[in-house]
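Chain nomenclature is as follows: A, B, C and D, assigned in order of appearance, with residue numbering initiated at 1 for each chain independently.
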């Protein structure tokens, strides 16, 4: 099995996703980065599932895909709301609340 | 009657104030007279119940828990609703139920700002439940709950009705006490689990410690935790700094209750919990406690000499006086602990009175700055003489109650319990005796500057400065009478406490090592900390020789 | 094997309708509210709150019947379980939810926003929590978590035109999604080790696996981190203060109590059912989280000027207390059980006292329109009852007998001491010291309310509303009851997850 | 004989204590005597203000009653002493007896010899009566009376002087704003003092000891409106408290030491037991030495012994009757009485009876000299008397220190009368001139105050010790008791304390001289004050005469053995009835009186009078005449107060008068620079030490409080609070408000935790 390669791919995706979340200033791009992480998870799950010869991993991945869609929906709505009120989606600018 | 008291007496005494509180909560705030009446009646009722308890109390068996109740309270943690009193608790309960109605009477016509008698009296009644409960509780968890119950009311009493610096003082009081009790709680729990006792009931714990033999190190740690918790409440040097602030800022009645009863919770904890349950650790800690006690005596006295505020001076004198109590306790002898019980009662009455007086002085002169006062005896002669009497009582004049707390404590330090280093305690004895001189110094100095001389110009013709009022007489007379009565006939307290104290001490502590034969020593099977050599009598003789020398 | 599983998957699993009755009731009420909203529009406005409240209470009925029935019900091959633990936690969620509805009624009604959505979202989130209590499978835990989180994101941002509300909503959302992504990554690793998403299977796998220790450790840490975020344990707490302040206060109460409780429930299930055989991983992890949470939460709280923000940090510190017993849970089965019931006890008491505190804040803030501590000064003079109530709740949070909090703290200390391990005692001492620090800021607020005069001598009385008053009465009564007769709460929280787990 | 009995008893039935529970009703119920004034105190306190004479009538009546009772008790004792045959109380003691048997036999051999004079079968048992006060640890703490010779003597003295002072005071303090209080506290004082006298145990002794102290405090500070008075009161009380440390510790040591010798009891306060055990050598010698030293500290403060005596002159700020009663006749002798009471302890502890000088004798000797020197330079008549009291108390302590027990108590007895007489006389004079200053406000009073003058002179002669007045006999006995007189037949006694004898005799000369000065300054010359003084009323004069009479005759109570012309039945009556011959009292031996010593001491006294008399009555009188005004010293004499400033002048004067004033070299020299220096030392150094101790205590208090308590102890707490808060402030900065920072923290934490755990697991 090529498990390790899949895991490495997933790890790479995860790392890229994390980098994106931490470094991108654009809210939408951050959302995309999170999707990357979720996809890394999915790859992991599917790969493990294949190795373990069970379907649990695939089912889990399906659930994640479904829920992620809902999440992104909410997320885009929020970004939109913010844009409407502030005319900007730069995450580094929203720091009204702190301390 | 007897049966009723037996099962319910203590419960009624403990929780009646809460009934009073419930009634007062229903009465609107502006009906002040009704509030006062309810509070007074409640506290008098509690006093009556306590007196009935005293009457029914079997004086012949003060060492036995009487009016005991023992019901399971919190099953999961094997905690019981266990109340009972013996000769150690009874005097303190009586002191409490005496002080509370007197405080209510005293404040009858002059509640401190911002007035609000409803809240003030409710707090006093809640306090009463906590105090009586603490003295009656026979279960560690129950004790803890009551011990803490007094915190909040006192906190608010200081915070709301206190002096200008009240926020700082109340917070300090609160934090110190809670800090101690948090660590104390950890000790309690460690004790319970290391011993594997059946329940948190004191006797179960003591039995379990005796039977299972908790390791020495663990005992020492646990005792240390308790010492911190109780020591802060006492307060022992160096945990005393909350006390002067709290006393100075508290309203008069708050100071009185604080001095008269609250400080006793700590020393009571030592006598009731720490020493009976962990006698071996007590022996090892004793020199340290004794040392802190005598440091407290000298330190408190020296601090008194530096004070410019009358109330603060009295507060620091508490540190010194409680030092004597702690010295008595640290000897671990029957004599010393009896002295401590007496010291607690006496200090409660005397310092309580002194705070009452300070309050009355403040009310008349609107200041407690010692340098601005003077000539109290001229303007209010009766009050001046009462003040003189209290000062004398406080400095340990024989014939007044204070002496019987101080002198036996010093005496007992000459010959502490087995295993406690004799020479060290003799040194403590001498230091403590020096403390009596300092006590006389600061108290007489206070008396001289407050009562003697002629009134300062600013108050010379002040019409507000009147002699003792009716409420003051009613509130003070019982206390003064008791100060004298106990002073003349100390047996009033000793008779109650002696048997109970004796029973609370481990046999190995009190046995006379010099008179022990090898067989007897072996039969006792005392641990090495007691320094009773098993097998040959020489160890005992050596000790005896040291005692003689 | 896979063939068998596949065949099984196509059969309709047997469904125990009684076991699902709470979920179904809640779902129906949620649907009903949405329906009513769509059909009656504005006219439904006055009734939705009552409807939501009644619905939540109605949900308690099947829980009661299940509890009376007493039997543990296992479904979907162990992925969904209704046992005592589940019932007790469901009850806690629902009761907290009910109190939150009471708190929300006036707040929401007085806002300019569409009311019915609010209750719909609230019920959906509650639904997620109720599901969480029964989930014993990574998938169901994940789904429940998202079900309770996504509506919560929306509720936080509910005041659509308020920048602060927007900001906190977005922050909560981003952090939440990121945390769950990290958590999922951890889950995927564990799945890789165990080959199954069921916690019981994972437990078996973890018990045996010797080779992939670091993968297991990483998986556990990531999963725990995900839930530590949910329960706002330091250092995963950073979102909480900002979100608490920005969100509508009733929502804050909801987040601080119900949502947090759900995180704990998930954490408990994971630890007890899944990771129990790996104490060497989760115990130090929890230890660090507990100690850091208590200390950081309390220290920062010392410097707060906004009461809601202070509550956030106090919540962080309380989290430290709640999870502290888990730091010794792996010591032995008996200790594990005690740790579980200690945590549950704390949760129950915490829910009552924290909601109560928020109730007071909401009530008093209605008058001044501000949650700054300064604006609470002198409350004793114009709202004595509120001040006394606040004293009860804050005293309880500080752990002063005879208020409920003491027993919760006592239980925590008890478990830590019972284990008889040095680190247990060490954590107990840390906790003891923190109790004092916490007391400082609780007492400071109380002092402000009792001992100072109202700003500008404003002594107008506070307007009372029936729903807030009843919320206060419920919380106050429960707090006192738990403190005086702790047996009541102890009786219910004395449950075990281990019977299933091992 | 006695020796055998004792030994037999100690092996068979335990240690005999020398006390009995029997005896006549009066002896067993001596508690009534302190009880009566106690009752009067309560009565005056509550009803005094409402009574026609402000409560003084109550005081006089009850104290009078107590006096009558005391007399009856004394009569009963006289009967009891020789005729009582009753059971003696024995006490079981620890096994350790046998080891010390040899020693105790030796000890009792002496006693046997010395006690031979007493008729066997009349053991002179003290009458003991107790009730339990309180009980602790199965030990009963009792309160009760131990009535024996010294107690009865003290009862009579205290009640008598107290009665006279009460009567005197009704006139002296008439019209005072706190008249009632004054009598109340006089009564309380009497009660406490009487309680002290009959104390059966050391605890009771300690209690009454403190009570008399507090009465003294209140009465010294009677006019507390003026600060010096309250200062004096404070000083008196505090100085006494310092001594009380010793008392407390000493009592504690004895309590446990005795307890170690008694089986089944951890301690005992009983005086009889303590003394008896100490006497039989069953107590550790070290413990006794330490206890004696501690108790000595108490004596030093209470009885104004050197180093702790400075409060006593200041105490003269109180009303004169108080000075007479408390600070001359009774309270200040409490220390002496205590030594006498606990003589068994001191006798062993200080090894009295050897010839080595012990602490007690030394302190007594020094005190007696110091006091006498200081009396020279006083202007205030009461201070002269105060220093004289110190000096005389020194005599008594010295006497006890050399083993002359009876002499000491006899001197106490006579001193009480003549010193009270002198004080009351001084008071009478001062009452007339409204001042105590002899130099500026007195002089020539003999013409206008004949009664005062005569009684004062009688008292002075008695004090100076000229035969046949009281002071002579008691002083002479002390000299005999020192055993230091080797000329014309030795005096025997407990050892040869020649040094003490020298000190004593020197003091006798000084005493004679300063009293001469005092009498001259007060009553001779011309009146130097203002107004017209006149004799006081009968309530002052009558007590004066009674005391003067006693000052004349009291000495006959103990005529020395072997005095010709006196029937033997009148010799040593005081010693016979007062000195206990019982197991609780050590066997002491008595010196033999010596004619040569008596003659020598009389000559010394006469020479003292002569020198001072010559100086004042001849030289000063002449100078006064020359100057035309009443002088109090030679204008160019040596009695300058600041010798250093006038050193050159003084030097010249000394040279010029050297041939004329050849005796003045000694008298004047002592009077002048030495006394002044001594006074300076007294005021500056010793008093300075006391004051400095007080000031330093306050300073230490300030230091401790401000530097330590407020900064360190409190500081630790406050600073830890501040540090917490500061940490909170720092931690707060993490909260930047930027969501990506938060995410970074979240992720970094997770990674760090994972990393750490992976490494450690």
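The rule is short, and it goes like this: contacts are C-beta pairs under 8 Å (C-beta built on N, C-alpha and C of every residue); 3 or more make two chains touch, one makes a residue touch a chain.
What you are looking at is a predicted structure, and each value in this text was computed from that prediction instead of being measured.
Of all chains, the one whose mean C-alpha position sits at the greatest distance from that of chain C is D.
Each chain gets a centre from its C-alpha atoms; the one nearest the centre of all protein C-alpha atoms is B. Centres computed as Cα averages put chain A at a distance of 65 Å from chain B.
Rounded to a whole number, the gap between the C-alpha centres of chain B and chain C is 43 angstrom.
Note: centroid distance chain A to chain C, computed from Cα atoms, is 25 Å.
Here the CA centre of chain B is 38 Å from the CA centre of chain D.
Touching of two or more other chains is recorded for residues 175 of chain B.
Taken residue by residue, chain C touches two or more other chains at 170-171, 174, 178, 182, 241-242, 440, whereas all remaining positions touch fewer. Residue positions of chain A touching 2 or more other chains: 21, 30, 91, 94, 96-99.
Chain pairs that touch, as defined above: A-C, A-D, B-C, B-D, C-D.
Those residues of chain C that touch chain D in the shared complex are 170-171, 174-175, 178-179, 182, 213-214, 217-218, 221-222, 225, 229, 235-236, 238-239, 241-242, 280-281, 284-285, 288, 296, 298-303, 437, 440. Considering their complex, residues 133-137, 206-208, 210-211, 214, 217, 221, 224-227, 230-231, 234, 237-238, 241-242, 244-245, 248-249, 251-253, 255-257, 259-260, 263-264, 266-267, 283-284, 286-287, 694, 697-698, 700-706, 709, 713-714, 717, 721 of chain D touch chain B. Only residues 7, 10, 14, 17, 21, 27, 30-31, 34, 37-38, 40-41, 44-45, 47-49, 51-57, 59-60, 63-64, 67, 70-71, 74-75, 78-79, 81-82, 85-86, 91, 94, 96-99 of chain A touch chain C when the two sit together in their complex. Residues 341, 380-381, 384, 391, 395, 398-402, 406-407, 409-411, 413-414, 416-418, 420, 425, 428-429, 431-433, 435-436, 439-440, 443-444, 446-447, 450-451, 486-487, 490-491, 494 of chain C touch chain B in their complex. The residues of chain A lying in touch with chain D in their complex are 18, 21-23, 25, 30, 91-92, 94-99.
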